[in-house]
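As written, the chains take the letters A, B and C, and residue 1 is the first residue of each chain.
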Amino acid sequence: MSAMPAITYNFAYLDEQTKRMIRRAILKAIAIPGYQVPFASREMPMPYGWGTGGVQVTAAILGADDVLKVIDQGSDDTTNAVAIRGFFQATAGVATTTRTEDATVIQTRHRIPEAKLSAHQVLVYQVPIPEPLRFLEPRETETRKLHALADYGLMHVKLYEDISRHGHIATTYAYPVSVAGRYVMDPSPIPKFDNPKMDDSPALQLFGAGREQRIYAIPPYTKVVSLDFEDHPFRVQSFDKPCALCGAENVYLDEVILDDKGGRMFVCSDTDFCDSRRADGHQGEMGTAGTGTTPGKAKS
Amino acid sequence: MTDLAFSHAAPPRPLNGHVMLRASGLAKTFTLHLRDGVRLPVVDGASFEVAKGECVALGGPSGAGKSSILKMVFGNYRVDSGSILIADGHETVDVARAAPRRILKLRRERICYVSQFLRVIPRVSTLDIVTEPLRLDGVPAEEAARKARDLLARLNLPERLWALPPATFSGGEQQRVNVARGFIARRDLLLLDEPTASLDAQNSAAVVSLISEKKAEGTALLGIFHDAQVREAVADRIVDVTRFGAST
Amino acid sequence: MSMVDMPLLVAEGLTKYYGARPGCLEVDLEVHPGEVLAIVGESGSGKSTLLSLLATELAPTSGRVRYRMGDNALRDLATLTEAERRLLLRTQWGFVRQNAEQGLRMAVSAGGNVGERLMAVGWRNYGDIREEATGWLSRVEIASDRIDDDPRAFSGGMRQRLQIARNLVTRPRLVFMDEPTGGLDVSVQARLLDLIRSLVADLGVAVIIVTHDLAVARLLSHRIMVMRRGRVIETGLTDQVLDDPREPYTQLLVASVLAA
């Protein structure tokens, strides 16, 4: 006994009863695509807003032979991603990776990886506000009724307001989607650029909201449609230039300020994707081929 | 109630071909609850007929109940007992018992009431007020407006007033608007409550000729005419209301 | 019988108790297509309770309300599913409230307020929704350049007119109105009343309007029901009840206002 560390955790921190409870919620969520299943969210050793919902979902599905990747805004090396990866290394001892294709479980905040996911992968989203109707209807009792009755006119009022104010649908993230032709769902604050990736994805997609105590899901190969108007159809953002480092086109780019004289560049938001491309010899106008390093990239 | 009152409840005789209106045994008493329930009898046992193409004047001094009788015929006042049969095409309606919706239908299609005073609706122009009965009949707006302009011109209402709401008009002007509205459409029964009360001789004469035209068209008219000359000119018969006087 | 001869809404023995206190007692009524029925009485007379019962916002303690559905059959509204009830509310019915903040989405533009019911019944073309909303704003005399302003920037009269447009846009068959002119200046009231009067006549919509203002009842309604202490004490043609009131209480009401 004296050889034991001062503190021991159950595998992946949560006790088995809690994990079972969360798994039941996940199974229900998969059975009813897009429906928000309430669950008894636990206190986690991190503050709300740091991904407590996603962490609980990940903890409930993680097995000893899983390979975990954690990204925040597409990057593996931000504080939030590093902290959560470290948390599961410490509490579950699972292998971690930054390579999308090597991961079996990917927890994400605000992005879907650029690389196409496959059927052996699970994408776990961290969700701050799960209710897509909250913008116009503050009463939870009423939003539940609206979901139950598929009474979604209100969702289009929000889009109408966008067009009337900006001339186009100005919602660029957390863009509402209809899942399997039934429930309207908030895809968490991912850019609408990523919305088409949810549609018909081979990977299981799970969404966890810790503070709001909701879990919802998109099962593999499910129809996911972004809401729009006939004369203002849904469109993803497009970028004028390719990634400055790897030259990729049709990917989501982040703006990086280079100096205080207005210098800036646009680079892949998905750091792993950018690194892989450069390792394969692709090169953008400001990048160097083959180094495989992005400034500040995490070493795992 | 007396036995006599019960006899009024028996099914009234149906109207034959030429009778437009038949009132039988009309009785009406106002009960003023705010004045310790004092009862004001108006008429008791009023009976008369008006035939198609006929103008009948209600006669008698003021306070004898002439206006009340007109209002009962229009369904504006309730009837305590008796019946008021009005021919409605092939049907006969008893205004004393008819459901509100039936009376409204009768008012839309058969009866027009020209009151002494115009009830002004805010913001509605004179032309719109006058053409309304025609528009309810489905007459095209332009044709209705043309008829209204003709009538208003005959009644010497200055043209500059036609587009204005009559709220600020003089009594005589308002009365002519009212007369125009009452005479513009074809109705089987016209009820006239002193249609010339505020009019000068010239305009009274215009109203007299309008009434004569209505009679010639087969319209039945029942009216109160204080002006003896007008009454002489238009009335075929005078029904003296004092003989229906209710005993106090 | 033609459609017009068949009642649209039928209430029988409608009763509501709040605990032991009666809100509304044994009310029977019928409303036909295109008919305007005014329910008058002082505050506490039960008229607002009755309106809520008719509009299925309150459940009666006893009695029932039936409505003629699209298939022409009278349905007991208590047997509707919530989905059917809501569909009815946003397609065939309207509700204009005294307090515009309860009847409008105050954070949504005028166009969005008018368009909401269209979107709720499946309109998905922005241009069409916009055009329909613009047309309705002009019908209620709101300048088309105000379409993107939200109602917080509107005067009391404009808010009520916007509520009317928002309700009439789906051409309902029945509109409930709860003191629609309450709290407005007299001149603003007159304009609103005239607008309601002509829209109701043009569209042939049936209206059940609750008001304590007999002048409003006279101007808008065909028939009137006088309520006191939860009961209907007098009913009939509007001009008949107001010009020849029979009940002591109705006589008092009529005598209490100037030239109603």
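Simple rule for what comes next: a residue touches a chain if its C-beta (ideal position, glycine included) is under 8 Å from a C-beta of that chain, and two chains touch if they have at least 3 such contacts.
Being a predicted model, the structure only gives us computed values, none of them experimental.
In terms of which chains touch, the assembly is arranged as an unbranched chain of neighbours. Among the chains, the centre nearest to the mean of all shown protein C-alpha atoms is found for C. Averaged Cα coordinates give subunit A a centre that lies 47 Å from the centre of subunit C. Note on chain placement: the centre of subunit B and the centre of subunit C lie 32 Å apart, centres being C-alpha means. Inter-chain centre distance (subunit A to subunit B, centres taken as mean C-alpha positions): 78 Å.
Residues 82-83, 86, 90, 105, 107-109, 111-112, 115-117, 119-121, 124-127, 129-130, 147-148 of subunit C touch subunit A in their complex. Partner subunit B is touched in their complex by these residues of subunit C: 32, 35, 190-191, 193-194, 197, 219, 222-223, 236-237, 239-240, 243-244, 246-248, 251-252, 255. By the touch rule above, subunit A contacts subunit C in their complex via residues 136, 145, 148-149, 151, 153-154, 156-157, 160-161, 163-165, 229-232. Of all the residues in subunit B, the ones that touch subunit C in their complex are 30-34, 71, 75-78, 100-101, 103-104, 121-124.
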